[in-house]
Structures are given as structure tokens and as C-alpha cells.
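Given below, in the form of C-alpha cells, are the structures.
Next come two complexes built around chain A: one with chain B, the other with chain C.
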Partner chain A sequence: MARETVRPTVTEYIRRLKNKLMFIEAKNLVFSYKEDAPPVIDGMELKIEKGTFTAIIGHNGSGKSTLAKLLCGLLIPTGGSVTVDGMPTNDEKMQYDIRKKCGMVFQNPDNQIVASVVEEDVAFAPENLGVPPAEIRHRVNSVLKAVGMEEYAKHSTYKLSGGQKQRVAIAGILAMEPECIFFDEATAMLDPAGQRDIIASMKMLNREKAMTVVAITHHMNEAVEADRVIVLNHGKIYADGTPLQVFSDVENILRAKLSVPQVTELFYMLENNGCRCGTDVLHTMEAAERIEKLFK
Partner chain B sequence: MIKDITIGQFFPGDTLLHRTDPRFKIIILITFLTSVLAAKSTVAFMAVLCSTLILLVLSEINLRILLKSVKPLLFILIFTAVINLFFVKGESMLLHWHFIKIYKEGIVNAVMMVLRLVCLVVGTSVLLSYTTSPLDMTDGLERVLSPLKYIKVPVHEFSMMMTIALRFIPTLVEETDKIISAQKARGVSFDTGGLLKRVRALIPILIPLFYSAIRRAYELAEAMECRLYRGGEGRTRMKVPHVKGSDYIFLFVMLAVCVGIFLLNSYEVPFI
Partner chain C sequence: MTDKAITLENVTVKYGIGTPFEKTALDNISIAFPKGKITGIIGHTGSGKSTLAILLNGLLKPSEGVIRLENEDIHKDKEFTNKIRFRVGLVFQYPEYQLFEETVARDIGFGPRNMGLTEAEIAARTAKAAKFCGLDDDTLKASPFEISGGQKRRAAIAGVIAMEPEVLVLDEPAAGLDPAGKEEILGGLTLYKEKTGSTLILISHSMEDIARYSDYILVLKEGKMFDFGTVEEIFSSADKLFQASLDVPQITKLFIELKKRSITCRSDIYTVGYGAKVLISELKNKER
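And then the complex of A and B:
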């Protein structure tokens, strides 16, 4: 009996706490690029809390890049609303403050580097902010160190590898000191080594610097690193949960024209062939242990 | 072939030329170019050659790189030399064969014109483009030209455009090479046929190049907006220019050279 009366207050308490931690909130979000075109984002409710690591996945044309641009205020919704830390993105006066809070790393490393020298590119955002020179120097040095590019400070940006360019781009955003960083398919044009570097940077930002990270991706091995995975399909949220919850329902993911991590697929095939092993596996080491247990 | 163009390339280093304040370098360059164009007598001309060589040594730029930057000018150099050789008339004729008459003055003129052009190119490359990072350079230009703001010249926008143009030169050059290879693989031939056919063969290069440049521009604009760019107002710079003693000395020396060359011009009977 006592439990029954306590429960609502606890949920109420959690709800209030979550509201306090709320960072980005989309309400009934609708967006289309042209007035008479079908909407790319079609009525979406979404909340992203502070300090979380969210991955947004979906097949090509599912609207994931559009959603990212809407959430950080680069695009203005045609219907519904997006608020970033309480500021509505459709309020033009707020736009600059929203951009200060949300940085974005884009897909093509070449098209987001402004300067020819690494440290000058990293200094671009704080220079625009009007930060005093000594403070800019300090920020540039510390963010280059954070992404492991301090030896390259005076190098020419043109000669770096793709992964290094993306790390410079991340440093360029970090120098702005945002609260949230979006990765819009930032690993799509990189080789496997570059991808690993960027995924490691994402985790570092989230775990060590307590930043809110939103990664748009179609690499499943990137998505499994997140706390939460959102699957988009036809401009709507198709699935939403922890990587384990989302990916272990293999059939559901395949229906959205997506793939699951390789080991999950392996276990799915094993399960289909009569092996009782479950599909709730995401990492290779985990899989190895599970298989070892099966044989014993 | 396209990769040989090095105009607008910066070679990082730590020499006197690298350290000099870009604003001073721009003024020094203007002084230097004035002296190159003003030198008329042999003595003055020798002085110009010497100062070019000194600049070259100071910059510690690899000679091979420098030669590459002169290579695209080869046609202009040869053209100038030939015109001067055959069309300058003087007093002492050296060769007369049918209608070709070569005079001593023609040879002197041809050599001087070629060297003058080479000095202009080498001086500009060594003083500015090779030893000044593009951001420094445009920053210097912005500061040198900043008085023009008061007559509504968009100085900051201009320098931003320069920065971006310089940043994208290697990227677009690489892209052009890729497109050329791709079109070659599809059987487009760039070096056969008449002039018209060759010019036409460039269309399949230019259209994809323009298309991708425009797309790049669009994405870059988005990335810049994302990094809080909103024009020159309220902007600070990481690198604050410190005017050093060496800057003043360098400028003073160059001014002295310039004045010296004007004086040397009147010491000797000019050739021209």
C-alpha cells in the first residue's frame, strides 16, 4: 500500500529532474525543403538530455542530417518547434546564442576548414566570438592537446589525412566552448583508422568533458558506443532506446533498411538456426565470451 | 602537370622573412617592386639582382620549388625575349641575315627584360606568398588597407575572400586532376585535334569543377556560420602583430636600396 502512494512522487521527481537536464527539445517537429514537397521530418517528438551521447541512424534519405541541422538551429522548422536550452530556434535573436551552445562537425573535412594552418583554423571560432588574443592562444593549445593534434599546430591543413582534418575540425568546434557537439556523418569519408580516432574523440568528449554528443551516422559500430540510439525512418522515429534494446530486435532494424552490428547479425543467424544464444550482443569480445560459454 | 603551380603556396619556416610583420612585408614588397621597375642603368640593375638574391637566400626556399613557380611564366619570358631581340633597333648591328637584324641593344634589352620579370616574380613569391601564411597575408592586407573602410570599401570581406580562395587553391587543383583522370578514363582526349576541339574538351572538366566548387562554397558557408562567423565586426585575432626592431630595420634597408637604385640610375648613361 505504502509503495502505491510513493511511486507517483518518485516518477514526478524524476520527470522534474529530467526537465532540468533537458537540453534539446523538439515538439511536433515538421520540416520540408519546399512548400509543396512531402515533409522530410514528419511530426517528431524528441528530447535530448544534457551530457548524453545519442546516435541517430537511418538509411539514406531518412532525414537524419536534416534532423541534426534542425536540432542545432541551422535549419528553421516549418512546423512545430525546437528549443535548445530553453531558446526556440525560430527566434532570430536567439540564433547566435544557440550556435554558441551547439557546434557541428560536418561530413567533408575539406569543406569546413577555413584557414591554411591548423592553429589558425582552430582559432577561427573564438576570433569570431571576440575572445581576447591571449585567451584564444590558451584555448587553441588546450583543444589541440585534447584531440591529440598539438604537434601539428603549425602544419598546413591541406597536407593532413582525413582523420587528422576531422580532428582539427573537432578542435575548431571545441575552441568555441559549446555545450553540445553534433557529428553529421563525420566518419563517412574516413578510413577505418580515422573512424576509430573520431569515435574515440566522441567518447572522450562525452565521458571526460561531460559534453552532450549527438552523432548522425550509418556506421553501426559507431552507434553502439552511444548511450542511446534513435532510428529514423520516413521522417519519423522508428525505434529509440539503448543500443542493446534497439539492435537486439534484429528483424525490426532490418525492416528499416538498416544493418545491425556484425556480431549481432552473427548471433541472429545462429538463433535462427536453432541455437539458443540470444541476439543481445554488440561487441566482439562479448560475443567471443558468449560463444565460449555456449561450447562449455 | 597542374600540381606544379605553386602560386599562393605557403612554406612554413622560421627565417627573418617569415618573422617580419606582414604589414611591413607588404610595404617592403611595394618598395622592392618599385626598385625593380625603376632600375635602368647596369649598375642599378646589378643592385636589383643582388637584392633579389639576398632575399632568396634569406628565405631559405628550395631553388627547385622556386624554379617551378617560374615555369608557368616561361612562355611570357620567351615571348618578351624574342620581341626585344628582333624589334629593338640600335646602333651596333651584330647580325644581318635577310630581314633579321639583331642589334647589341636588342640583346641587352632582352636579357634585362627577362631578368626584370624573373625578379618581380621571385621577389613577390619569396617576400610574400612563400613566407607569409595566407591568413597573415590577408590580415596584413586588411590592416594596411583598413583606412579605406571609411570610404565604404569592404576591406574585411575582401580579405576573407582572399583567405578562402588561397585555402582552396590546393583542394581545387587536386580536384581538377581527379576530374581530368576521370574524363580521360571515359575516353575524352585533351591533346588531339585542332584548337577548337581542344577548347571544347575542357568543357567536361569545367562543368563538374564549377558544380563542385559551388557545393563546397555552400557547405563552407554553413560551417562558417556554425563557427559563429558574422563578418568583421567585433572580431579579434589570435595573433596580435608585434612590430619589432628588425621590421623597421628591414623596411629601412629596403627603402635605402630603392633610393640607391634611383641614384644609381643617374650615375651612368642608361641603355634605353
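And then the complex of A and C:
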């Protein structure tokens, strides 16, 4: 009998390494709100690695928000399983630890802000977690700085603009020192400047603080900033890849009742009119360069 | 210039007058909203957009200045102001939270019923409004609490349309909807405007939607009128919009960049379809 080699193959080695980096894992995930209702999430396999920035897009009713709540343990699967950093979300004893690992920023910051003064609001979660006062002070200062709101520490929360409130909400989550932060359509109510602020905060958390970021969004300009885009349709994963891979297949995205960035749509129209320009473009500057070449 | 539907003359709104929290939400605004057109209102959060919306149907009285509908002061007497509520329809942000009736049809009929119309007239108006908003018979019979988010939004808008207002003010009607849902609602509203000749005022943070659906744009900044003009006039000054915490559509940014690189001379492009047309014809010209 041939002796089996002890050394793992390269693929096996990478697989093991990836498992180590695995943060959230959903296996055959099923969820329905009522027993007799059709499932909102219908047999999903999904892995999210530590330190990645994932965007989840899909039309209304595709199951995006439900999936987000399942992945951070706010909802318990009716079938299959979700583990967060190895802890199953359906294990009640683990719930406290899971909540500490994952924070969520919701669409409307008014639903999330509890105190009338900015720094008190940010201190709310660590106070509840029993963090010592000196440590709370330190955390509040540092997270307000991280989201660029340190000047507003003593301000009233209700007088802030939408984008500022949303940044305070993010700071409130950061003060718990979670490893992962979910944004559930967190830019939907904001003006363009507010949207730019929050997208910049997401990138900062991911790139500088090495946090795992999951953003659920209808804004394609937000999705293109992620490392990975997951498209949901009828409770299943419809497409999964880099923003370029996902959005350059324009017809596929339109079939899922979604849209692509405007420059991608433009290139798609040009392609259909006989220009050989491809549709693998997401950003304004690349688009300009590509068109410049067409004219040369 | 087209006719005016509703006008504001030197309107100022102050909140908390005489308290340390006094705040000027709108500062000396004078504007005439063109009749039978769609005017988009854009502005940063806190710029006074929603205050302006509630002024237009008389829910809020201006601290100074006059608001006129068809040349009549909407606050001339109480009875008249009450009638204004039916003539100027207002759809709030997230109107689906206001649904309350047993069925969608009854919810849509709530406004007309309050207007004292006959049951037959109410039914006719409900059916008509539902059609504009793309709601089918099954949805009309359902409870407003068991339909999807997009359908709820459409049901709430239908409830205002059923009053057949001359002026329809919508505060972020498409916020939180997917692209297809957005198009259904904004497309339906455009159709409603064309069929009935009513005036639409559309508040939105989406520069793409405003560019696509509006005829005119009002830009608010810190409670003041920052700019007013046609879509072309407003979006041609991207730098100015940036100052007001706003933006231009990505397609417009692209054409501004192309102009800088002297590839095309057009920077007045606001929709993707038109942009594609321009590029295709310019490429053909070049081949010749």
C-alpha cells in the first residue's frame, strides 16, 4: 500500500488557512418568518472571511436584511446553521459573545441613537457591557476621532445632520469593539455628502482597523467600493464575485431587477451599438480613459 | 415661462421663536413652481427641504411671507386652508408607516372619503389611483400590513393621488427602494402628471433620479435658495453643487472629464441613454 504523504498540497494548505480566517459561515441556511410561509432565505451556503469588505445587493424582498440579521445572530435560522467565529448563533449561551463580535448600523440613525448628548450615546453600549469608566472615556474619545466627530462630543444628538448622526451611530457600535460591523442600508437616508462620509468610514474601518465590513445597499456606488459583491435573488445567492466581475455582466444584473453604475450602463449601451469597448468598467476615471482610447 | 402653480413670496420659517433654540429653517425664499411640470428639490440634510414640503399644503404657517396657490393666499382663512390640504397632496418620507386601514383599497379611499365624496366616486378614484401606482386587484383586497415594502409605499402614494390634488409634493418617494421599484413609482408619477396636468414637486437625494425625472430643480442650502433652473442649468455647474454638499450624476462627471480631455465638447449630459447617443454619433463622425 502506498504511503500517504503527510505534507498537505498547496490547495489543501490554502483551504486550511482560509478556515482559520473564516469569520461567518452559513451552511444550508433556511429562514422563514412564519411556519407555513415560503422561506425568505432558501438553502444558502456562504462564507465571509475576516477583514473583508462585502456588499450585499438585491431587489426589495430578496432577503438582504433578513440575511444580515441571520449572519449576526439577531435572527435564528429555521433550518441549517450560522456560525460567527466558530460559535453557532442558535446556541443561546453564545448569543452574548456573538453580539459583542458583530455590530449593526441601521438605515435610520434616529432609531439607534438613545442619548441626547453625542458622547453619552457613544458610551451607552460599553456602559451596558460593564466596561470600567476610565476605559469608556478612552474608547469614546478614540471612536469619535475615528469617525471624525470628536468636535461634537458635547453636542446634542438631535441637532446633527443625518450623516453626522449616522457617524455617531457607527461610533456607538465601535465603542463595543466588535470585530465585524454590518451596515443595513445605512446611506439610504443621507444626502450625497453624508453618503460619501459613510462610505469613507466603511473603507477606513476595513482598511485601517482591519474590521470585517458587510454593507447591505441599494446604492451601486457603495457596492463598487467593496472587495466582494453578493447578489441575492429569491432568497438565494444569484451572483458572487468582485464588483468588476458582478457588474460587468450587465444583463445578468438587470435580470435580477438591479442596476449597474452609470458608466457601466453607458459602456453596455456602446457595446450594443457595435463599439468594442467591453463592460468591465466601474469608475469615472477609468471610463474616461477607455473612451479616450476609442477616439484615438 | 410657463404658468405658476404655487408660489412662495419672501417666505421665512423660524422654529422656536423667542427661545435660545431659535432656528431659521427657511430664509426669505421666493419661488414660483411651474404648472404641469416636475420640479426637483435637492439640498443637504437640514437644508429645509422637508420644511418647504409641509409649508406647501398649509401644515405649517410661515413666520413671514405669503404662499399662493393659483394667486390666492393659502392662509387667507381657516376654511380655505383646510381645502388646500386636498388641493395640495403631500406624501411624507416613509409614508408606508401611515397605512392603517383593514384593506389597501380602504386605505387609499380614506382621503376621498374625508372629502365627503359618494361611495361610487370613492371606488372610482381608488381604482384610478391604484392603476397609476401599479397595484393589482389582489393587492387592493389585502391588508396593508401583509404586502411588500415596495407595495406599501405605492399604496401610500395612491392614497394621496386618490384625492386628485393639483399639486403633489413627494418627500423622498423612492428612498430605500430597489432600482426597479424606483422606476415603477417615479415612472407612474410621471404618467400621472402627464394624464392629469398636475404639478409635481419631488424631493430627493438621488441626483440620478432628479436628472432623469425633473424639468426644473430648486437647490436649497442652509435654508436659503441656492439655485433654481432647468436640469441643464443646475447640473452644468458641478463645482457649485459640490459646495452645497451635493453632487452631479456619475454620467455627468464622466462627460465633464471627457470635455477636460477635449474628447467631446459636451458636458450637458445628465442621463445614460442620452450620453450613449452623443458618444455613438461622435464616434461615427470621427470615422468619416
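Just so it is clear, the second predicted complex is superposed on the first by the 288 of 296 C-alpha atoms of A that agree within 3 Å, B and C clash if a C-alpha of one lies under 4 Å from a C-alpha of the other, contacts with A are read in each partner's own complex, and residues count from 1 in each chain.
Definition applied: a contact is a pair of C-beta atoms (placed from the backbone, for glycine too) under 8 Å apart; a residue touches a chain by one contact, two chains touch by 3 or more.
What you see is a predicted model; the values in this text were computed from it and never measured.
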item: Partner chain(s) touched by A:D36 [first = chain B, second = chain C, both, neither]; value: neither
item: Touched partner set for A:K257, first chain B, second chain C, both or neither; value: second
item: Touching partner for A:N60 - first (chain B), second (chain C), both, neither; value: second
item: Touching partner for A:E127 - first (chain B), second (chain C), both, neither; value: first
item: Which superposed partner A:M285 touches (first chain B, second chain C, both, neither); value: second
item: Contacts of A:A115 with chain B and chain C, given as first, second, both or neither; value: first
item: Touching partner for A:R99 - first (chain B), second (chain C), both, neither; value: first
item: Contacts of A:M176 with chain B and chain C, given as first, second, both or neither; value: first
item: Chain B contact footprint on chain A (complex, rising order); value: 72, 74, 96, 99-100, 103-104, 106, 108, 110-117, 119-120, 123-133, 136-137, 140, 154-158, 172-173, 176
item: Residue ranges of chain A touching chain C (in the complex, touch as defined); value: 58-62, 107, 161-163, 185, 188-195, 218, 221, 257-259, 261-263, 265-266, 269-270, 273, 275, 284-285, 287-288, 291-292, 294-295
item: Partner chain A, residues of chain C touching it in the complex; value: 43-47, 148-150, 172, 175-181, 205, 207-208, 245-247, 249-251, 253-254, 257-258, 261, 263, 272-273, 275-276, 279-280, 282-283, 286
item: Partner chain A, residues of chain B touching it in the complex; value: 10, 12, 133-135, 163-164, 166-167, 170-171, 216, 219-220, 222-230, 234-240
